[in-house]
Each structure stands twice: as structure tokens, then as C-alpha cells.
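The structure is given below, and queries will be raised subsequently.
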Amino acid sequence: MTDIRPGDCADALAQVREHSPLVQCLTNIVVAQWTANVLLAVGAAPAMVDNPQEAGAFARIAGGVLINLGTPYADTAAAMEQAVAGATDAGTPWVLDPVAAGALAWRTEIAGTLLAAGPTVLRGNASEVMALTGGAGGKGVESVDTPEAALDAAVELAGRHGTVVAISGPVDHLTDGTRVVRVSNGHPLLTKVTGVGCALGAMIAGFAAVLDDPLLAAVGATATLTVCGDRAAAAAAGPGSFAVALLDQLALLTPAELADRVRLS
Amino acid sequence: MTDIRPGDCADALAQVREHSPLVQCLTNIVVAQWTANVLLAVGAAPAMVDNPQEAGAFARIAGGVLINLGTPYADTAAAMEQAVAGATDAGTPWVLDPVAAGALAWRTEIAGTLLAAGPTVLRGNASEVMALTGGAGGKGVESVDTPEAALDAAVELAGRHGTVVAISGPVDHLTDGTRVVRVSNGHPLLTKVTGVGCALGAMIAGFAAVLDDPLLAAVGATATLTVCGDRAAAAAAGPGSFAVALLDQLALLTPAELADRVRLS
Amino acid sequence: MTDIRPGDCADALAQVREHSPLVQCLTNIVVAQWTANVLLAVGAAPAMVDNPQEAGAFARIAGGVLINLGTPYADTAAAMEQAVAGATDAGTPWVLDPVAAGALAWRTEIAGTLLAAGPTVLRGNASEVMALTGGAGGKGVESVDTPEAALDAAVELAGRHGTVVAISGPVDHLTDGTRVVRVSNGHPLLTKVTGVGCALGAMIAGFAAVLDDPLLAAVGATATLTVCGDRAAAAAAGPGSFAVALLDQLALLTPAELADRVRLS
């Protein structure tokens, strides 16, 4: 059912560590610091260039670009358009994270427009993915649906837009429209720290910067984050110490440990 | 002098955990991540929707709304007006945190306008509360007055605007104009981490979403945060580890422990 | 080669602790929280006033001002101009941190304009400093040059603009155009947490608020941060726990310990 194996995830992480890809993030005010720290910990180089004066030019030189709709404003939404145009023009891989699409009208419209531009990877929770095919959407930023329930929508979106779709949840589901990969390392504490999903989107952009297969980029990033989540949870007293330990683990995890611990199906 | 007892605080916390209220935050760029993590830790669901295109509509479906003036911009100030209009229209409880009111002209004017719209709860430090009755105001974001000195101003504001007023400080003072409640669990380390007061405002919005009595919402949230502060301080080496432990404690504290440790008068 | 000694750094830190200077920060969305927490930990009082309606007036009452170009927007860039005008008018010391100058056109232009206004201290990495003399500039926010290579550019900028120039790196190099001071406490983990350099800029503004010699302010802040970095690294498992320990150490470090551990040349 899948040709992506644990060893491929290990190689993907090794590539990120070796090349330290420059990841441009147009993300939200809530998770900008966390996202930058996650990227640094895993071995990438973050750059939060999200104004319309610079975003387009920077997307031409970045290794990968993240577009995250968590807190859009007129100014940053304009920057997102510029960044997508620049990325498309230069062939820079880019990731769309349509936070709360379906729950709010303006960003749902923005998400639709950006999706039509063909992101390399679309990452969201089940409700967000379903909303982009015309589903009902979630309550705020949290999913009310399961990844399993969104898989058909994901396959449809993947085929329609030529994008990999990564649905985050207890079991992550990822597809390029043909292949389907499940990553079963999700820990409940991952939902008790804000921005874990947002940071995953940024990690996928970093992995996509150094890998030819966008599905492997999404799977490798998801595997790295969730395996580190498992390890961090083992030592954490609560969500505060979990977030700290997660950053530590992202820096400490070796490719061999990743291959050993990831559960793919 | 008060009809709010420790057991009421325990029940309030239990209600938040049970219902996981959706709290819309229009807050500042400094504390957005911290506020979201505090809300998640205590059991609420944060959503930082602070653009004028979406804030009004979201305030109609949120459980509670926080308006925090820490870093206002033209765009987000417009969103605050929309959110207050939406909350008022839908009967959504909302909290006003007039950060640095009195010290800066523009936000003092905004705070006055928002206060006139009748927030469910006004939360600030003593200088901010006094400034809203025409007092002198503090130095920047820190209070130069004690909660005791601001109590008369708080009672006046409560009566005039039909709002609960929560004055944060070494001993928190809270009033609905008739009842006065003091919470005596404030630890000095709470002032060495940015955004603790801002996060309290968000917690009050979450508690108000699931409780009928806004004074109990403010007291319950204050009790929860400050009791967790006491517990976190016991194990902390400094402000960094204190902030981490505070998030852990917010997730770990049981209603029974809260009732046991809170000091009300 | 230098008349600044370890004991001067100790005195500088003691002055900050005694006077708790009010530091206005116009900084980026990535590091705003971290910067505020660093300032609180070291003993200063942060206030992130970065809108054009208030920034100019606040710069007249602040002890020091930080202008950081990490994520400029039209609105905050206008606020920066106001803040510089207010600071200049009132004689408030101010620090310019030209994040990614040279790599991006708009901010390079802004940085040039602000630099011409004569900041008290210019703080950046080697690539940023070199870019401001017409050098090539770095890749995103990371330096591709060494502080040693940028020293001539720094001395030139210091003389031309009457500013102290602080070049961050493995060995920090600081100059007022006449004196050159090197601080050799830089730890590699400092580059694995976002915003350490940005927070240093804010610390320099705080030190400059209470000291007459801007070079001592820059050296004292750099010494304090990097010595705390050494101490934090000794106990850290990775970048997450390092950042937490760094905040703790900033609050725990005594002036005597600073004098004992700083390596000046």
C-alpha cells in the first residue's frame, strides 16, 4: 500500500540536518516563535518574512515556504499571495496550512484561492481538509472529524490540485492521491501545546526543500515530529515541560532512532 | 463580606474542564502563544481571531472573548470593535484588559470606548483601573499603585458600567460593585514572566463562558492561576522554569486541590 | 587595547538591577515574548509599544528603545520612525538591530535610513554589519561571515554614525570606533534558540538606559547574556531546556559571578 519505509524517513531527516534548508514562514502571531524554534531544533534555518514588500522576492531564494492562515491580516494575506507567486515562479516547494478553514469565511476564501495555486503540500486537521472540499468545517481551530473520515476528501484534493495532503490527528494520514501513508505515533499531549500542527507545516516545507518526493517530505516530517512527541511525553509532567522536551528531542533524535520508532502503515 | 467560597472555585474549574469553552482572543503579539498555552493547559480551547474581517462573526459563536490592548494596531483595534459588537449582539461574555491604559493616549481612548460598551469583566492592574476613572496611570505596563488603593475606583467602575472589576496584584481584589473578594495567593514570580496578567484575562473569559456569575468566573480563574503559581514557584529555579511549571500545574491541578489551597477573604 | 574590565560589567549589571529601566521594544512577532521575558529576568521592565499612534510619545519617557527589523510591516515601520524621532528628541538611547539587512531590499533601505539617524548602538551579526557598509549580506537571518571579518566595517560605521557597533558571533566584537572589546563566552546553543541576538539588542537598550558609556552598555549586556548562556548550556539537554535555563540564569547571575566568568580582551 505504501512504498515509503522507516529507512526513508531516516534518510529524509539526515538530509535536513546536512543541508539546513532555509524555510520562509508566513505564519501566525501565536506560533511564530515556536515554529522558528522547532525548525532550528530539527536542523533547518527559519526566516519569518511575511510582509508584502519582501515576501515574493524571498520565496525565490528560500528552500521552502510555509503559508499558514492562523492570524491573517490584510497586509500578511497580500504577502502570502506574493510568496506563492514567487515560489511558483522559482519552483520553490510550498506548504499551505489552512488553519480554521471552514469555520471562518474570509480565510476559507483565501485558502481556496491559495489551494487553486497548487501547493506542494496541504497540511491540516480533518475538519479543515474536509472544509476545502465543501464540508462543514470545525469549531475554531480544532478538528471535530477524524483523519479517517477525511481521507476521501484528501485523495480528491490531492488529485484535483496535484498536491500532497497531510491530515494530522491521532493517526496521521497522508496521500498524494495514489499512495496513502499512515503514521501512528500521535500522542495526546501534542494537542495540549499550541502550534504543534503549525510547526509541522513548517517542518514539511523544510523537508520538501531537500527531497524530491513531496509525500516523503510530509511523511518524514510527520514521523520526526510525532516520534519526538512520544519521547518527550515519556518524561513530561504536563504540557509546559512537554513542549520543552519536544524541542530537545527534535535536536537529539538520530535518523536511526527515527527508523526504529516510527510506525508506518 | 463574600458569598464566594473555595468550593465554588473548585466547581468553576470543573466546569471549564468539562465544557472546554472556545475562547476568542484579540490579544497582543507578546503573549499570544503563552495565552493559548495557558488556555489549553487549563482545559479551554483558544482561537486567536483578531482581524476585522472575521472577529465580529467569530464573537457570535465563541464561548467567551478577550480584548487585550497590549499591542493595538489600526487593524486589530478595528477588529476589537467588531468583536465587542458581535459579543454584545450574541450575549457572549467578554473581558477587557486595558494594558497600559493611562500611560499612553491612544489606547486609553480605545479602552474608554470599549469600557463604555460594558464588558462582562474588566481585568487590569491597579494603575490601569485607576486610570480609567481619570487617575494618573502607571509607568508603561507595570502598576505603580496597590490593588487596595484602586478598590474604590473599581467599585465605582463596576457600578457605572455593570461590569465585574478584577484588580491583579500581590492580593487580587475583585468586585461586582456590591461584593468584594480578595484572593491572597499571588507569588512574586508571577510578575517575572510576561503575560501572566494577560493570560488571566483570557482565563476569565473562559470561566465566564461556562458560569452564570461573572464575579465567580473572575475569582475562579484568579484562584486557579495564582494557586498554580504557588505550586510552580515551589519547584522553580527562576522565571524560565517557573513559566514551564506553571503550565504543567494548570493542567495538573484538581478542583479539590484548588479548594484546599485558595485563600479567599 | 580596552579600558573596559570585568568589574565594569559587574557594575553595569548591578545598575540595571537597581534601576529596572523601562525598555520600549519595537521588535518582531517571532521574538516579542522571549525578549520581554529576557528583560524581566535580567531586571529590566519591557514595554512593547510599536504602533505609530503611540511609539513616538513613549520613546520620550522610556529609558531605552530597541528598533528590530525582524518582521517589519508598513504600520510598525512607521512606528519605528516615530520612535527614533522621539528618542532623538528626548535624548533616549536607542539600539538598532537590522535583522537580515543585505538579504532583503526593503528592510535594508529602512536600516540605512535609521542608521543615518545615529543609533546609540547598532547590534547585528557580521553579515548584517557588512551589508550596511555596502557588503553582500547574508542568507536570510543567519550570518555567513565572522565577526573578525566584519570588524573593519564596524569601525567604519562607528566613526561615520557616532554609534557603538556590536557584532555578535562565536566571539563578540564591539567597538565605538576607537576602542575594540572582544567577549569570548559565546556558546553554540545560543544559535539554536530563535531571538537570542534580538533579545541582546533589547538588553543593550536597557543597559544603555542606566549607563553613560554606550560601549560599556553593549559589552555589559553581551557579557551578561553570554555568561548566562555558558551556565545554561552546562545543564541543558537540548535547545528547549537551554532556553528555559537561560532565563533562569539571567535572574540568578550575580555581578560578582559575571566578573569572575566573563572573558574580555
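Residue numbering begins at 1 within each chain, and the chains themselves are lettered A, B and C in the order written.
Note that a residue touches a chain if its C-beta (ideal position, glycine included) is under 8 Å from a C-beta of that chain, and two chains touch if they have at least 3 such contacts.
Chain identities (UniProt): A, B, C = Hydroxyethylthiazole kinase.
Fair warning: this is a prediction, and the values are worked out from it, not measured in the lab.
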item	value
Type of subunit A (Hydroxyethylthiazole kinase):subunit B (Hydroxyethylthiazole kinase) copy interface by residue overlap (half), same or different	different
Angle of rotation relating subunit A (Hydroxyethylthiazole kinase) to subunit C (Hydroxyethylthiazole kinase) [CA atoms, steps of 5 degrees]	120
Intercentroid distance (Cα basis), subunit B (Hydroxyethylthiazole kinase) paired with subunit A (Hydroxyethylthiazole kinase), Å	33
Multi-partner residues of subunit B (Hydroxyethylthiazole kinase) (each touching 2 or more other chains)	29, 32-33, 75, 243-244
Of all residues in subunit A (Hydroxyethylthiazole kinase), those that touch subunit C (Hydroxyethylthiazole kinase) in their complex	22, 24, 29, 32-33, 36-37, 40-41, 45-51, 53-54, 57-58, 61-62, 75-76, 243-252
Subunit A (Hydroxyethylthiazole kinase) - residues contacting subunit B (Hydroxyethylthiazole kinase), complex	28-34, 70-75, 100, 103-107, 139-142, 191-195, 236-241, 243-244
